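Here come two complexes built around subunit A, the first alongside subunit B, the second alongside subunit C.
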Partner chain A sequence: PLSKPAQTQIYQIRFESVELFVNEGFKLSKYKYRNRSAATAAEIRIGIPASVLSENPDFYLDFFFRLLSRMIHFVLLISRQGKVRLTKWYSPYSQKERTKVIRELGGVILNRGPKLCNFVDWRGFKVVYKRYASLYFCMCIDQDDNELEVLEIIHHFVEILDRYFGSVCELDLIFNFHKAYYILDELLLAGELQESSKKTVARLIAAQDSLVETAKEQASSISNIIAQATK
Partner chain B sequence: MNPFSSGTRLRDMIRAIRSCKTAAEERAVVRKECAAIRAAISENDQDYRHRNLAKLMFIHMLGYPTHFGQMECLKLIASSGFPEKRIGYLGLMLLLDERQEVLMLVTNSLKQDLNHSNQYIIGLALCALGNICSAEMARDLAPEVERLLQFRDPNIRKKAALCSIRIIKKVPDLAENFINPAASLLREKHHGVLITGVQLCTDLCKVSSEALEYFREKCTEGLVKTLKDMANSPYAPEYDIAGITDPFLHIRLLKLLRILGQGDADASDCMNDILAQVATKIESNKNAGNAILYECVGTIMSIEDNGGLRVLAINILGRFLSNRDNNIRYVALNMLMKAITVDAQAVQRHRATILECVKDSDASIRKKALDLVYLLVNESNVKPLTKELIESLEASDQEFKGVLTAKICSLVEKFSPEKIWYIDQMLKVLSEAGNFVKDEVWHALIVVISNASDLHGYSVRALYRAFQTSTEQETLVRVAVWCIGEYGDMLVNNVGMLDIEEPITVTESDAVDALEVSIKRLNSDLTTKAMALIALLKLSSRFPSCSE
Partner chain C sequence: MAMHGMRGLSVFISDIRNCQNKEQERQRIDKELGNVRNRFKNEKGLSPYEKKKYVWKMLYIYMLGYDVDFGHMEAVSLISAPKYPEKQVGYIVTSCLLNENHDFLRLAINTVRNDIIGRNETFQCLALTMVGNIGGREFAESLAPDVQKLLLSSSCRPLVRKKAALCLLRLYRKNPDVVNVDGWADRMAQLLDERDLGVLTSSMSLLVALVSNNHEAYWSCLPKCVKTLERLARNQDIPQEYTYYGIPSPWLQVKTMRALQYFPTIEDPYTRRTLFEVLQRILMGTDVVKNVNKNNASHAVLFEALALVMHLDAEKEMMSQCVALLGKFIAVREPNIRYLGLENMTRMLMVTDAQEIIKRHQAQIITSLKDPDISIRRRALDLLYGMCDVTNAKDIVEELLQYLSSADFTMREELSLKAAILAEKFAPDLSWYVDVILQLIDKAGDFISDDIWFRVVQFVTNNDDLQPYAAAKVKEYLEKPAVHETMVKVSAYILGEYSHLLARRPGCSPKEIFGILHEKLPTVSTTTIPILLSAYAKILMHTQPPDQELQSQIWAIFNKYESCIDAEIQQRAVEYFALCQKGAALMDILAEMPKFPERKSSLIKRAEYSEADTAEQSAIKLRAQQQPSNALVVTDQPPANGATSPVPVGPLSLAMVPSMITTEDHTSTDPALSQQNGSLTKVDPQHPSADLLGDLLGPLAIEGPPGATVQSEYNAVSRLEGGPDAVDGSAIVPVEEQRNTVQPIGNIAERFHALCLKDSGVLYEDPYIQIGIKAEWRAHHGRLVLFLGNKNTAPLVSVQALMLPPAHLKMELSLVPDTIPPRAQVQCPLEVVNLRPSRDVAVLDFSYKFGTNMVNVKLRLPAVLNKFLQPIPVPAEEFFPQWRSLSGPPLKLQEVVRGVRPMPLPEMANLLNSFRLMICPGLVSPFI
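Then we have the complex of A and B:
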């Protein structure tokens, strides 16, 4: 078992497999994850002393989850002025951490010149970003993930938004942010791609929108008005 | 009375906030809205609950605290109507994170909704669970999700598949339960179900070796066939991107095949043909095609060796490396770093192009290229590589200079074949970027020089020459000053001349002047001045004529 790892060091270590256990009988669920897409599958056990872990067990659990999961960790849409238009978090990040991430990453991405590649190495992760008009679409993935595919996923999302709103612009996403989220939720789930057909996504959203419309109509139907008046 | 139309509408609040000219104004508007919402909450207002939550979500995105609205999410989720549940679940995912205890209270609603007669409500529940559940919730609701993997509607099956991924990540012990249902998903035709099913199998393999063995034995052939069908598929407008049918499915299949083929000769054999087909037939003029090729190369590199395939893969990387598109070059560099463990020689052949990338205008590419070069250095190529890197040093910007200098110094120290070469390289680095050289590094240089007695004369003369031209590099000045102090007599009398050297005339007073200049120059710090003074002291005993 190792002694307490320094916080900055952890971000640079690559694990093949991590078994997080607790010394001295502290109550915490065991977390085991084996990552086999590297050339060799070595197993490393990280023991964190109970005293350290008890200060903030959630931090370590969250941390290793983020480190070892190959997925989209979060999605961020920011304007050129750094205003947040949409955030979706698929890995565990506390509210405080989220604010910090947005500020830091926003700074890095908004400072990138126009002709550079769409990838930025950030804190051991990789962030894929693409600018569409006044908005930057950013997705944070693992170092070993396929960044070209994530570019396609971003484009997939933008095209679906475009079809839904009819030539989407930033204002659409501001005033109808909840609809943008509904669409994202049909596209990604648990940080993975859910549907490769734009037509299917559009159909699902339309069906649900129409359920809402129907409910509105029912609510304003005459029988309801009468029922209210006679209450 | 239409509960959706009166009061401050969401749209109006957003407009009001956007028209604020100062932060204080915005805070005032937000405070007013929050007060109204709080009042509505405490009065248990039914009518505007939906709209109020939407407003709260917007306010939350601006960065204001909205924890008082968390229970509203729960109430909306517990309502019977679809619109309420839709916004309730969205609010839950936005305003809460899994660490909040309030989340546990949703478990019961989730359980009911996972059994709802309206499939869209099942979908909402699966989505929330898959994005935000804690380990306890995952454990509680896993049986429901498992059941939904066989639901009649494919859109639910695909959501259940992804939700299962979160469950097995949170509670790896449950993985075994999902193996069989996941395998069934692989036999489906619906693309959404296939994509998510393949992804579930991939993640199962990472968490459970039992799963890996099962899929490897039972599913490899089927997956190869599915990929073949995709690759040979005629035009399908619904899934077509840049002339390829469903690149996303291609990529996910390649990822799973990679895991199944790794370390297993039979499984690797099974997939050789389709990998070759994909590697040769996919067009690489659009990003989608390149994304597939990139994944294909990754798979080829990871599975058991088939000479022909590896050559194909390295060739693709070579093409990528000379592509004008920055993204492609970045990706190539990334993949080459992994290819080194598999076929170092092949990667060495691309050294020239990689070195070009160290001078690229894109910081991301420069950094990756430098990392790659560092991995490529060995005893036989250290000299030409260092030469190239030092040339890049001259062209690079301040930010990159630091990183590049550190890497060059490290390489030179690790691999230098002769002392004289080491001294030469260090001198070049000091002249170009002395200010970025760390203390340990120039200290080490001084130690090497002092231990190489046959090179004392050479060193001091070379340093003297360098000092004439590059006085702005502090570290160079220090090393030069030290040398002149130690070996000033050799400098003046041309002692220990090597064949390669040109003669140089330095008088005693020249040497002393050099030291004086070091003391007087504007940017000399205390260390430099002190060293120069000590050097003068040493010289004063050897050059009696100049003792004034």
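Then we have the complex of A and C:
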């Protein structure tokens, strides 16, 4: 594609080391430079038809940043039956993409046999997953991220859930899915690990719970007072 | 633990779980959505509790995969509620439902900002969390200064500051300008002195993002990172709660080493020595232990340390320690470690001197190519590709070829491309190279692009010693029963040029060679026929003494094609026929092709310029840059008569036959174009299968509670069919009786007819299995893939598929596994070659066993006559002349179909098109 420079526009985005190559009639694709050192710079090129880019620049810029940042792109909990139990997207995915990702990954991961490794290559990314009883916990990361680290984030999450629910099972997560979201928000933020102490997370969640309880009591006592007063 | 439950929500969730099928679920959900919509409309009567409940219900429905296209405003509006419980729900649901580009988010910026700068710590946390998870560029611009203030504030507690650090990271990713480099570097360094490990972990993530973009501003952070790492690795003064299975926060260790990898080097000798001591300790002190989590955590640290050592280009001793460790890893039983061992060994290849040591592990790596896990096989392929050089190319390529026959469909293209590149780059001798490419064409012809066989022709032409060998070799391949069209092309070219060198061998007389080639003519497409015609002309020219019989045979063929519709074929036939009359002059005109000028392989060029989809491909590029092609410069004789002949454009542009150049344009060696084709074919095979699988999973996912056993699933099915009694009855009925109790879903005949008109769809479905089909037709070839999807949570056993092809079709079905695992889908490619037109239909005899049910069906396959038709666009004025030149009656066939509803013309045209018949508009028939 670079053999026809006349048609190639180069969009330089803020990051100095990164260029966006836009070429008429060239398919969207990417490659990532494996070397992490700044000396060689993380160079990422994306070929996008110029016409498409001008129509929808935001989408491609998002896509582009997704490539650039090394992080957890999303968390997905699916049951053995392919039911979604929790999703959390740290990179921008449109509604359509989200559905597609879930469907595709469900197909890939649920079909993997036991005793295989916990990593799958998927569309240039890597998905780290682990099965706990009937649930698959999946996290999507970049090619050269540390897989084992993420695998243990998953386990860390499960241990925190376990501590909170007391031997957690899928039903807990179905009926208290909102709780699972609260807990995840204390554990991960912006696709990064936020807190590695189980005790701290437990303390923060307990504090939230008591805040909600207090508010409830207040509300009921107020309504009591009103009820008393209007008797 | 407080489970302040919401009864309405729980009841709704139970209702959903009790739904028997997808349809019921949808009804229940539609009802609920209607209800929620109504309640939201009359918002005034809604209590905060109710509002919360409905918003949660919406999120639940959304999570199940349904479109929720309303109520976003209600979720966002909860953010501005004064009380914590509502606010919390508002923030969380908004950040789950909405994408950062959603317009409603903009409306919330002010409220969010007020929460961030307000005094309420819990509100600050909620706001920071949402912005950190979905904040976009607008948030970055308006909130970054406030977030920075919180992160640096001494009065804020750690729980706020750690969120502020990661929130700032998100905003920085959205717009790097929000962090002003000048002032920030010092502050960043201060943050690394933080005592609270939660804040420190978050700050380290922020640092990684900052240095990855601009390491120069953050030199002052480097010694602090080393200090942190030292503190952790030596386990100094780390609170107990921050150790994970006895390891001081493995995540912080990994993050810190990641940050260090962005600094090109470490100059300060003291810092460098300290770091190397720590790394040494990690490398040598990590043992394999029984506890899997401890093992994973310690190895996460170890692999990051390996990466850092590689990056710092440590002294040789430490490097060889690393390689030794990796060598150990790729042989362990634990699949994760094996996978990572292979992956990191591939990275290690970039380090000088490591390659020789890695080569010692070649046998082990080749074993991994046969691993049951495709993830591991991929890594092994990458590594083998990366480590290949002249010394081991023969072994590695032969392994790849062997593996090609059994490899997954999804890996074949990559495999054959890699094998072709390696063969070309590192061929120890050219006859081996020819062998490899011919084998590749034989085993995976579809993935061998034209430039690969052009290259073979080029080498054979340029090397006199190679010519008889190559000619004998291709003849062997041609004698096989099923031959790929690319093989016909390359064989025709080589036999045309060089078969006379074999003339004395048994079975290689011109007549016999012609016979072998001509046998293929009816099976090839119009792009190959010209090459065959050239070959005939050359064979005829080389026949000494002239053979009258052969001559008349070949002349007859030229005669026949003189009226061919395809201009290229027609021109050649006419020209060759005319040339043949010239006698001796023929010798000059059809003389052997001159040597090609030496040029760079287009394949390798393509690899270099490719901006392909995977990191593996960038490895190709790296490889190409690292080792300039050397093996193929074996042919360094100067072009024999290059000075007199015009410089050929491509390998195939015969200097003497100008019309050849048009073919050249068709097949195109333009790297951009072929690249595009390449990436397209890469995507295609995956999409349909994923979709089909999605269809499979979709309706089934709701049957049975989670953790349903085989039995309950089975019961569920029988309950649907025959009421509760059927469950008990089924166990008693003898097996034979069950044979045809399984009813197909949908009409089999209708499905078949539909598939005659389109190329993908469902061929057969019953409660247990779905058979999908996807077909590609090219000339007389068809490539079908059967998708056998097990719909159950129990395996289907004794699966058998038998092809019953009619006489005119040659069919080859790849191995169908005996068992289809639960909810799995297997793909079985099926090759079809049409030998002659016929209306007979192929039948697939398919059977399987589920529980006690034996199911056997005979399915007609849509490999019908019209699939092999190829329309040719003909302008109106040329239609009748061509029509008249067609030979053989009947020229006209008329059939009247009665009782059909009238059809508009475009619809009719579409119908005919789907039969692969083309409409030639604007004709007035002279026959009417």
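The definition used in the following text is that the second predicted complex is superposed on the first by the 174 of 231 C-alpha atoms of A that agree within 3 Å, B and C clash if a C-alpha of one lies under 4 Å from a C-alpha of the other, contacts with A are read in each partner's own complex, and residues count from 1 in each chain.
The working rule: a contact is a pair of C-beta atoms (placed from the backbone, for glycine too) under 8 Å apart; a residue touches a chain by one contact, two chains touch by 3 or more.
On a predicted model such as this, the values are computed, not experimentally measured, just so you know.
Participant: So, does A:S220 touch the first partner subunit B, the second partner subunit C, both, or neither?
Facilitator: first
Participant: Using the touch definition from the top, say if A:Y136 reaches subunit B (first), subunit C (second), both or neither.
Facilitator: neither
Participant: Answer with first, second, both or neither: which of subunit B and subunit C does A:F157 touch in the superposed model?
Facilitator: Neither: A:F157 stays clear of subunit B and subunit C.
Participant: Between subunit B and subunit C, point out the one touching more subunit A residues.
Facilitator: Touching more of subunit A: C.
Participant: Can A:F125 be said to touch subunit B (first), subunit C (second), both, or neither?
Facilitator: After superposition on chain A, A:F125 lies in contact with neither partner.
Participant: Could you tell me if A:E195 is touching subunit B, subunit C, both of them or neither one (first, second, both, neither)?
Facilitator: both
Participant: Looking at A:Q228, would you say it contacts subunit B, subunit C, both, or neither? Reply first, second, both or neither.
Facilitator: first
Participant: On the A-aligned overlay, A:R103 touches which partner chain: subunit B = first, subunit C = second, or both, or neither?
Facilitator: Touch status of A:R103: second partner only.
Participant: Now for A:F74: first (subunit B), second (subunit C), both, or neither, which partner does it touch?
Facilitator: neither
Participant: Residues of subunit A that sit at the subunit B interface in one complex and at the subunit C interface in the other, please.
Facilitator: 29, 31-37, 39, 58, 65, 69-70, 84-90, 92-95, 99, 115-121, 146-149, 151-153, 156, 174-175, 177-178, 181-182, 185, 189-190, 192-200, 204, 207-208, 211-212, 215-216
Participant: Taking the complex as given, what residues does subunit B use to touch subunit A?
Facilitator: 1-4, 10-11, 14, 18, 54, 57-58, 61-63, 81-83, 86-87, 90, 93-94, 97-99, 120, 123, 126-127, 130-131, 135, 155, 158-159, 162-163, 165-166, 169, 171-172, 191-192, 195-196, 199, 205-207, 209, 212, 238-239, 241, 246-249, 251-252, 255, 258-259, 262-263, 287-288, 290-291, 294-295, 298, 302, 326-331, 338, 341-342, 361-365, 367
Participant: Give the list of subunit A residues in touch with subunit B in this complex.
Facilitator: 29, 31-37, 39, 41, 58, 65, 69-70, 84-90, 92-95, 99, 115-121, 146-149, 151-153, 156, 174-175, 177-178, 181-182, 185, 189-190, 192-200, 204, 207-208, 211-212, 215-216, 219-220, 225, 228
Participant: Would you mind writing out the residues of subunit A in touch with subunit C in their complex?
Facilitator: For this pair, the touching residues of subunit A are 1-4, 14-17, 21, 25-27, 29-39, 42, 45, 47, 58, 62, 65, 68-70, 79-90, 92-95, 99, 102-104, 106-107, 110-113, 115-121, 124, 133-134, 143, 146-149, 151-153, 155-156, 164-166, 170-171, 174-178, 181-182, 185, 189-190, 192-200, 204, 206-213, 215-216.
Participant: If you look only at subunit C, which of its residues touch subunit A in the complex?
Facilitator: 1-5, 10, 13, 17, 56, 59-60, 63-65, 67, 83-85, 88-89, 92, 96, 99-101, 122, 128-129, 132-134, 136, 159, 162-163, 166-167, 169-170, 173-177, 197-198, 201-202, 205, 208-209, 211-215, 239, 241-242, 244, 249-252, 254, 258, 261-264, 293, 296-297, 299-300, 303-304, 307, 311, 335-336, 338-340, 347, 350, 372-373, 375-376, 378, 609, 611-615, 617-619, 621-622, 671-672, 675-676, 679-680, 690, 693-694, 697, 700-704, 706-708, 793, 821, 823-825
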